[in-house]
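So, here come the structures, one by one.
What follows is chain A paired twice: with chain B in the first complex and chain C in the second.
Presenting the complex of A and B:
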């Protein structure tokens, strides 16, 4: 287990993400300037110890690496972007925790050892970055999904399992979800990309609580944990890139 | 040009080590007598590394009247060959039987050293090696490196079945069980009351669970606790003369089961489960943190799924 060392607090020097002013990457990633250019061009980035990624140090199962992201302590988080620098598809997800805590747990497919980064954008437009290195034997992105080889699985496409737990401090509730979906990356031979790209959570009145966009690297049959504020039933709706949709109401 | 003596010594050492690095990895195997005619080769209680060449495993052999029975062949071709050489130092009798306890790569990848010898396993072991042998081999090349040189998967060529087996003039009892994997073979030598328990028993090292079924494994250990033996050779860890290894493995697996099940019922996700505190009594186990992390990955998905009911499809609002 590792979280971003405190030392990066010292590098909390905001800088515009141009090559000249780009802050040094505490993870020493060979792809840092590429990542910065691709996702934060012309924007302000800062490494910030309040933005944490929790993951095992080594990927035991490259198809299913558990990750938790958190920006607790950072006010007004508008969006959280998760990328794996050295994955063939770098962008894993983006999360708008509208009425939820800025934290999320998910699993993803890793192709080789890589930094996992989370960038949390605050209201002032600054991207606050945290991350860890993950060691991996890899192959997760180019391995066919189990679902792609199993027609029975397809009949349960988008089946939702889930449950709500009241938070320990009673300030909110945790939603855990599992959706059946192959989440094909398009990188396995002859199997086109096919993945859930959006999940929206709303309350009984239809008020949106959180919005999640997922991409190819999210693991097959995604398992997600959201930390919501408030209580009560949650409406889950989502869909994949081929227009299949799902919706389910999860009651406390 | 100045030349410091220590630098010269270093250069000499480098020169000397060059031919050694071209040769096979030297496992420095030492057969340890655990009973009359019964020997064990005790591996390190570590993770796979380049330094240990994958020798993190216990293997053994039994010298019978007219031949030798080998139990597990180790992690590589070089290990198998050096195991065979260690046997040859003690006896000129031929190897007449190899028995594989289960399909994990540290136990079976020395099979190449025994061409022409019957290599028997439970059917499930052969199935796993047929399906996943090359993937397991590839992973070990990655973890261990050059010690694996020229190692290839050699499938078992004979079937071991639960019950008595007389071979090389030695009466054995083969015990077919499950839990650590879907085919765990134990070998009991009737003459010396030595039990080769395979990876059903670990001692002083955290158990591994990549193919484990905890309820089945615990059931097997319960049964094993009633079994009489004089010597127990665990799959990993020091040789035992009592039930301490069975008790320790069972204690750990029960804790793992209860801990994972409890975490799932509290709604924790895997990264949180990875950070749960470990009981004090397990802190002395070698490679505890690594194996716990691996076990969470292997086992937690099933426990958490048990806590998540299927939700009927609703109309989007």
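Presenting the complex of A and C:
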């Protein structure tokens, strides 16, 4: 035996040792080490029961799966990242709650049964992870969006509708938004990627309340719910990857 | 001053080295970094880059490169090829731009790619999300982009302009030209003049109103707009800037409101006159009995002041057009040498079959001669009045009947020359015109305008004039109007022409070949089969001491859609979508020996 294979073996041992530093995945996902390497490399991750994902156990419509994420109880959340391990495009959105509560509701497209994870980064740089398995018949990402059959986006692209109402516990208000957009993933044959990639909420004085970056897997005509602190009208602005922008004011 | 100070402090041997460094720095800065107005105006003289569609703002499509020449062209071989991919093929009428180590090329269905200049590897791509309801009349083509600052800017089939970061492909700004549901689209290459993005509109078959617009190229903000149909208001910095012409002077009633004159092929620019030269399309509808009068500024060349957007002069080739003789063809500035004098001239090979030479300062007609073998509609052009001498070849007035009487007319509505640009060589003094020989049966039908619907009022069918050829590449002497040589091609020519200081003329054929001809004699010297019809615009550049030639391949355009009998002849041509790059063959042995 020459020395060369020995070196290769040593490297393999070293690699598996560093991978072993990752906490075991409670969801037992086959893609956990890939996801960890892609989004949390060199950072500290911890599974944390305070980080919650609420989703149906089975996707009735793979093009439109409702999900609620929350890290209430976790102090100082800087950013929330949502990924679906087994989707062809894993990253669904990243959310900076800033002056809003660390919670968000949205809908997304699922390709096959997959874990949905939310990772909440606190001020100390630690990612706190929670997640659930979603079972799905699949095809949500490679099927043309409804937009390719339904021409509504061609006349109403980036039209915003919204509603504000006081929170049950009177600590703030809830904002629900709907934006007309086909949110094409680029994976359906012959239809290029075309999706909203940024939404910013601010108050009447122009102070930024929350910042959201959305990606291809978010459902067509996105419906989003934010839990805001304070009260009063909210300014919404955003845009898509082809330079089309929108802005709207939502009043209580 | 500072370099002198440095030189005085160093030994003689180092001064040379310093000078060498300075030279190297100035060379690299000449083709790297943001694109400036000065670089654009000098594009024709810098063989290391191609910053403009037309290879210079005058659109001469002449390169000073000589490595590939009439002696060496036999050794021209492919360097690499890039496939546009996907199922979206159809016509590829684009020209590549070359800058800063990158090649920018547009494709059918409003797509754009940035490629590595050396290897052809894809750096990034932009695919515009098109709505289903787009109505391009004559195929889903795009004719190229514009470069300015760090932006690549192009137009889309849903009538938008998109400016992309040249390094990343990310959208920097986007603007809507007009409502695609009203028939507007955009296929031409934009032109940059003094930091402004100059664009027109497509949609002449749908009763749109033609206009030229100038936007701030960095932001997309509108600076001025100039309608090309008489009666419409122009604007400068958001304020009214006078109507074009005089309302109802050459248009009856309300017809000017949907008068066409689409500026669908873009413009050229003469820095010495500060004029932007734009061709305008047919008046709408085709049925001319509905619109008695000259119908300005349709089927014309319009010269617009680059700063204030006012029309300084115009020349109309086909007054009260009845044959769809769009006058969009490129107006190429050149110095006409005749009778010992040099005249600031410009030339245009019109769809109506005449090769016009005008004074580019004032629009005065200097000469008009046919560049096709048959013109049934006019026997010549009166040099005093500038008007055609018509020969009673208009189709009959349908009045209230379903169909008026039909006539046979030549050229056909696809033109003695269509969109495909000609080239001019200051070296040979010749224009190289991609012409077609065909006629048509044409008749009128009653018509009313409906938003977004075809607005023709005519029926037609195209017929070839000769059994053995339709296309003819012709070398025209602008001083005499004589055809010096011609190359006949079985299928109609539909690609752009380029000429070089290497005594060469390049053009493509629907049969799939890129061909090179001797610029003086027209002898065919080289050809290469690209796999699909070539309707793109060839261009050339130099890199690391080697000259390259690039052309898009991909059959399509208006011929297969509108060509009547001719469409049948070309229906078996394979579709495609790729960009081919060629250079002179260098044997591996020679390369090793050099090292």
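In the analysis below, the second predicted complex is superposed on the first by the 230 of 252 C-alpha atoms of A that agree within 3 Å, B and C clash if a C-alpha of one lies under 4 Å from a C-alpha of the other, contacts with A are read in each partner's own complex, and residues count from 1 in each chain.
The definition used in the following text is that a contact is a pair of C-beta atoms (placed from the backbone, for glycine too) under 8 Å apart; a residue touches a chain by one contact, two chains touch by 3 or more.
Here the structure is a predicted model, which is why all the values come from computation and not from measurement.
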Chain A as common anchor, with chain B and chain C clashing or fitting: fit
First (chain B), second (chain C), both or neither touched by A:111: neither
Which superposed partner A:64 touches (first chain B, second chain C, both, neither): first
Touched partner set for A:85, first chain B, second chain C, both or neither: neither
Which of chain B and chain C A:216 touches, first, second, both or neither: neither
Partner chain(s) touched by A:237 [first = chain B, second = chain C, both, neither]: first
Chain A: partner with more touched residues, chain B or chain C: B
First, second, both or neither for A:247, with chain B first and chain C second: first
Shortest CA-CA distance in Å separating chain B from chain C in the superposed model: 16
Set intersection of chain A contacts, chain C complex versus chain B complex: none
Chain A-facing residues of chain B, complex: 139, 142, 266-267, 269-272, 274-275, 290, 293-294, 296-298, 301, 304-305, 307-317
Chain B-facing residues of chain A, complex: 1, 54-58, 60-61, 64, 66-68, 105, 107, 137, 159-163, 165, 174, 176-178, 202, 206, 223, 225, 235-237, 245-250
Residue ranges of chain A touching chain C (in the complex, touch as defined): 148, 151, 153-154, 182, 184, 186, 189-194, 241-244
Touching residues on chain C, where the partner in the complex is chain A: 86-88, 111, 127-129, 131-133, 162-163, 170-174
